[in-house]
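What follows is a pair of complexes built around chain A, which joins chain B in one and chain C in the other.
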Partner chain A sequence: MVKIEHKRALLVIRFRDKKFEWPIETRYWRNPLLGVFGLAMLPLFFIGQPDLLSLVTTANIYAAIAIPLGWQITGIGRLNFGPQFFLGLGGYTAGLISSYYLWGPWGTLPVVILVGLVFGLILSPLTSLAKGLYFSLITLILPLIFLEVTYYFSIFQGETGLYGILPLISVKSITAEQLLACYFSLILMVIFLYVIHKVMTSRVGVYTAAINDDEEVASNLGLNIKAWKIVCFVVTSVMIAIVGWFAAHFYGTFAGVTFLPLSFMLKILLVVMIGGRGDVYGAIYGAYFVVLLEKVLTVLGTVNYIVFPLILMILLFTLPEGLYGIYRKHRYREYYPSIRVRKR
Partner chain B sequence: MILQLQNVSKRFGGLKAVNDVSMAVESGEIVGLIGPNGAGKTTMMNLISGALKPDSGKILFDGMDITGKDSYQICRYGINRTYQIPRPFPGMTALLNVVVGVLCGKRRPDMSLSDAMLDASHYLEMVGLFGKRNILAQDLSLFELRSLELARALATTPKMLLIDEVMAGLNQAESLRAIRLIRKIIEEYHVTILWIEHIMKIIMEATDRVVVLHYGEVIGSGPPRDVVADPKIIEAYLGEKIA
Partner chain C sequence: MELIKTILIYAVLLGSLYLLISLGFSLICGVLGIFNLGYGITFVVAVYGMWFLMHTCGFGLFPAIAGVFVLQFLFTLGIIYYPIVKRYMEQEDFLLTSLLLVSLIVEELVNHVYPITAGVDIPTTILPGTLEVGGSTIPFQMLFIVVFAVLITAFFLFFLLKTRLGLKIQAVSQNHDAAQLMGVKVERVYIVSMILAVVPPTICMIVIAPVWSIEPTMGESLLQTAILVTILGGLGNLRGTTIASFIVGLISSSIAFLVNPRLVNVAILICVFLVLLFKPEGITKSESLW
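Here is the complex of A and B:
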């Protein structure tokens, strides 16, 4: 049975042969579970307010793109200006198969992963061949070419986009459906958060940091940087494609004009930058901040389109390391894995 | 013979940085590589460590042909280097800088991060940086950075260490500490050393043999005392009049 003991500054919870320790002092509370719990509670306050529920879902989707993108940027040492290419790839793959062949979301998911994997592998040599600005330019152009392709071929149905995509969940109550979609997006984001957190606190996190700091020196120390950059690019690309899959099945429609233009890329990059690049948790703060700011500024009307990027640009100048960067600056030892002594 | 260069050449456009160089280093030897500025010493080091690929010639290490191999492969064969201007991972702590060397220098798929950190602590302790293990590399002094580079290179368990002007920018006391450190490394790890240095006093005291490069070509080789007495070498360094 569960046994709870109070030991000095710790609350010790024993369950069978397992032991969990919880520091009582609040300054030690940096447990991500608390944050996830808070995010899970959030939609419950917005029941009956579809616009706010949709806002939370959008923030979760942005964070789900920004979390793997943050790892990608540090892991390949280059700034990807076109993460939405893989988002479009995942969305269109799921949309095409679902609307034309009536496949459900769980049928389209493996195909999306496969397509993301194949395209990720095809494009992965760029992580070594194209340096700095060239990589950014190529990745910037890719989604724009894709957008043109969606206009050119009728199969993608141009500006209207694909519709009739089978939904992720279908329940009779609209409120319940929105709430469930919100939780689905949260689950997706938390899975990504868990995976990337595990990766970043493992030896792969050390490789990532080394590649980000100095590729040549990392290679000189025996790290096969080409291979690791390919792994990082492919895995993160597949993850972003999965977000596309989610978006297609969540909205029931998928149009390149929504996800592929530069304006969408701008939002995602700002989420990464404001959250602090290379930081897993920062992406969540960034996503919620950007979505909230976008929503608040809608009251200004069309001026919003100018004011929004303007505010974000000011923030980028004043907070070069992002919102989370302020915290991290004082606790840099936590940025990369620290020594943990096993007690058993 | 641990390292052998056979007619190695490297060109940058019209400039022959290394021209038909042949030399060898015996196992356990400390060889000094000297020459005036622009003689091609660092290019040689880049060629050996795999940072540059030679245009022609062969480089053999421990009986294996390492010509044109990637630097990570060369590191795993057992060659590592330090840089003339220290190149740490600035955003990582001193400990994690060395951890990279521990984890990547050899295939260690079963080594956990905690074990790697323990191993890295040993190398940091050896160079006297254990107390600064949690300081970001960008906040270390020049001497500490050079020590960190040595620790990081040693962490890859090399058979041969290429040291590029380790004394540059250090004051007299720091230089003495650096020499002591390198001697300690030689005693404890029995590594072969190829050492680029401008300070002749150190070369005279610390090396077994000296190779002199001039305009990318080897113009002399032998025990330090014989080499510095060679008029051809004095001419290369100080000009015809003085020679």
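Here is the complex of A and C:
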């Protein structure tokens, strides 16, 4: 049947007349499939511990926001301070339709994508219009204003938020439901990871890297900067809106007060910064690190609200390239666009 | 007619308040060319620093007012300028993230020591009572906001246009490199600007504290206002900021009286969007401070 033999640096697996080769040299261990396999095994250890399962899900959600955000920051060359605006948009769209019209998650998904697309397109001119830090400032304010709007209109149900949103999966056993939801978040994150990785390594990835490195040179070489910035902004915004859709259906409730304030955005931004900017895999390390740190610090009681940002601040000072940056130092030959935010 | 009168009165009141809120932010934008996202926390430090000096250290009113200025200067130089702004001047992403983090840390610290139930009360009422104008009731304290806004703007203008140090600040805001070549000590100018920038928010909070809701998270909404006004006025131009404050004041009071007070910020944001669309550099060009 299956025959495994060890040939120099290769592990040769023979199955009938087929042959698979797996390099066992350490430099090939970076295979993302191994990492994904590790992440997929993680929830199995936490069966029956709903708090830890939800922690893993939260980490996956953070990573799923940070991965597209990393590409967006590269592609438009500006720091988006309000990714949670689209998260709120997706969440509230799904929540409103689901709780008022009792639509299931698969019915709300196309609507969420459409709404994300429309708002992404409406706001996309900002990527060219708002020079330099204007963009950061406007995106910083957008979610805060959205939060106020949710307080004003009664359909958003203010601070209580929307409730009674239909769940993603309904199975009789609660344990199975939690596990499935956890895997669902992992699948969503892995899809995003795959898509963004493919884009980053494709021609489009080179375009965005060129825009990020020098807009003028890229423009002189015949790249339509405005168009690519809009494409990048809209695609990533829709992706973040989909995460909002997931969050609404996963938690069953959606309140802007959880997702829209500055403190939530800071967490996402730190996932990007600590994981390593402009890098797709770094976001996962960052997300799991931030979530784990937050959980560990809860033993401190209310002081953890002060200690948590303090630790992140120290990390930002001491590890400017992020956790993944330590590893990247050894692989300096690979090209990764570094994010440069410009004043003008 | 009565309504228009009320709207105009409130436009002036709110405009002066917005001017005091955004003057410092605009100055830092103009001179240092950065966005001080730690600006929101200066309001919190002003109120809670005063409360700390009066309530915990047992200072009298006037020593506490003097003390709060010293506290602000120490805070802005020791926590904002030297460790963060100076270090990350050219790395905007790090700069903005660490400034926001510092704000969050201080905010949570204040919230831990003086939660909203602590009943912070600053006894800086200059004249108690209210004034009836055209069917609306205005606390006398709010009128002092107008007085202080005029006084501080006048002081800023005198300082920036007439004194030698002010001219140096203007020179740095116009062209950093050229000013340095002409012998201006740029770092000293930065420090003076950072110190000057905390004066309006501190005075604003001392005056407004008796009639304003005081909570550790108030910095966020005030920073939001400062950002909107500064963008509208053209970054770092004090003339633009002054005009923009009163425009925003007029929009706020009209929306609040005619539509709904909760929609004020949405209306201001839409206005800023429209201005950016047709005049991306804001009302006035930010080539110099005035």
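Note that in this section the second predicted complex is superposed on the first by the 314 of 344 C-alpha atoms of A that agree within 3 Å, B and C clash if a C-alpha of one lies under 4 Å from a C-alpha of the other, contacts with A are read in each partner's own complex, and residues count from 1 in each chain.
Following the convention adopted for this analysis, contacts are C-beta pairs under 8 Å (C-beta built on N, C-alpha and C of every residue); 3 or more make two chains touch, one makes a residue touch a chain.
Note that the coordinates shown come from a computational prediction; the quantities given were computed from them, not determined experimentally.
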Which superposed partner A:303 touches (first chain B, second chain C, both, neither): second
Touching partner for A:209 - first (chain B), second (chain C), both, neither: first
Partner chain(s) touched by A:311 [first = chain B, second = chain C, both, neither]: neither
Greater chain A contact set [chain C / chain B]: C
Which of chain B and chain C A:262 touches, first, second, both or neither: second
Partner chain(s) touched by A:223 [first = chain B, second = chain C, both, neither]: first
Touching partner for A:140 - first (chain B), second (chain C), both, neither: second
Touching both chain B and chain C, residues of chain A: 339, 341-342
Residue ranges of chain B in contact with chain A within the complex: 49-51, 70-72, 75-76, 80-81, 83, 87-93, 96, 99-101, 103-106, 111, 113-114, 116-117, 134, 136, 152, 156
Partner chain B, residues of chain A touching it in the complex: 201-203, 206-207, 209-210, 212-214, 216-226, 332-333, 335-337, 339-342
Residue numbers on chain A that touch chain C, as the complex places them: 79, 81, 125, 129-131, 133-134, 136-138, 140-142, 144-145, 148-149, 151-152, 261-263, 266, 269-270, 273, 277, 302-303, 305-306, 309-310, 312-313, 316-317, 320, 339, 341-343
Contact set on chain C toward chain A in their complex: 33, 35, 37, 91-94, 96-98, 100-102, 104-105, 108-109, 111-112, 220-221, 224, 227-228, 231, 235, 260, 262-263, 265-266, 269, 272-273, 276-277, 280
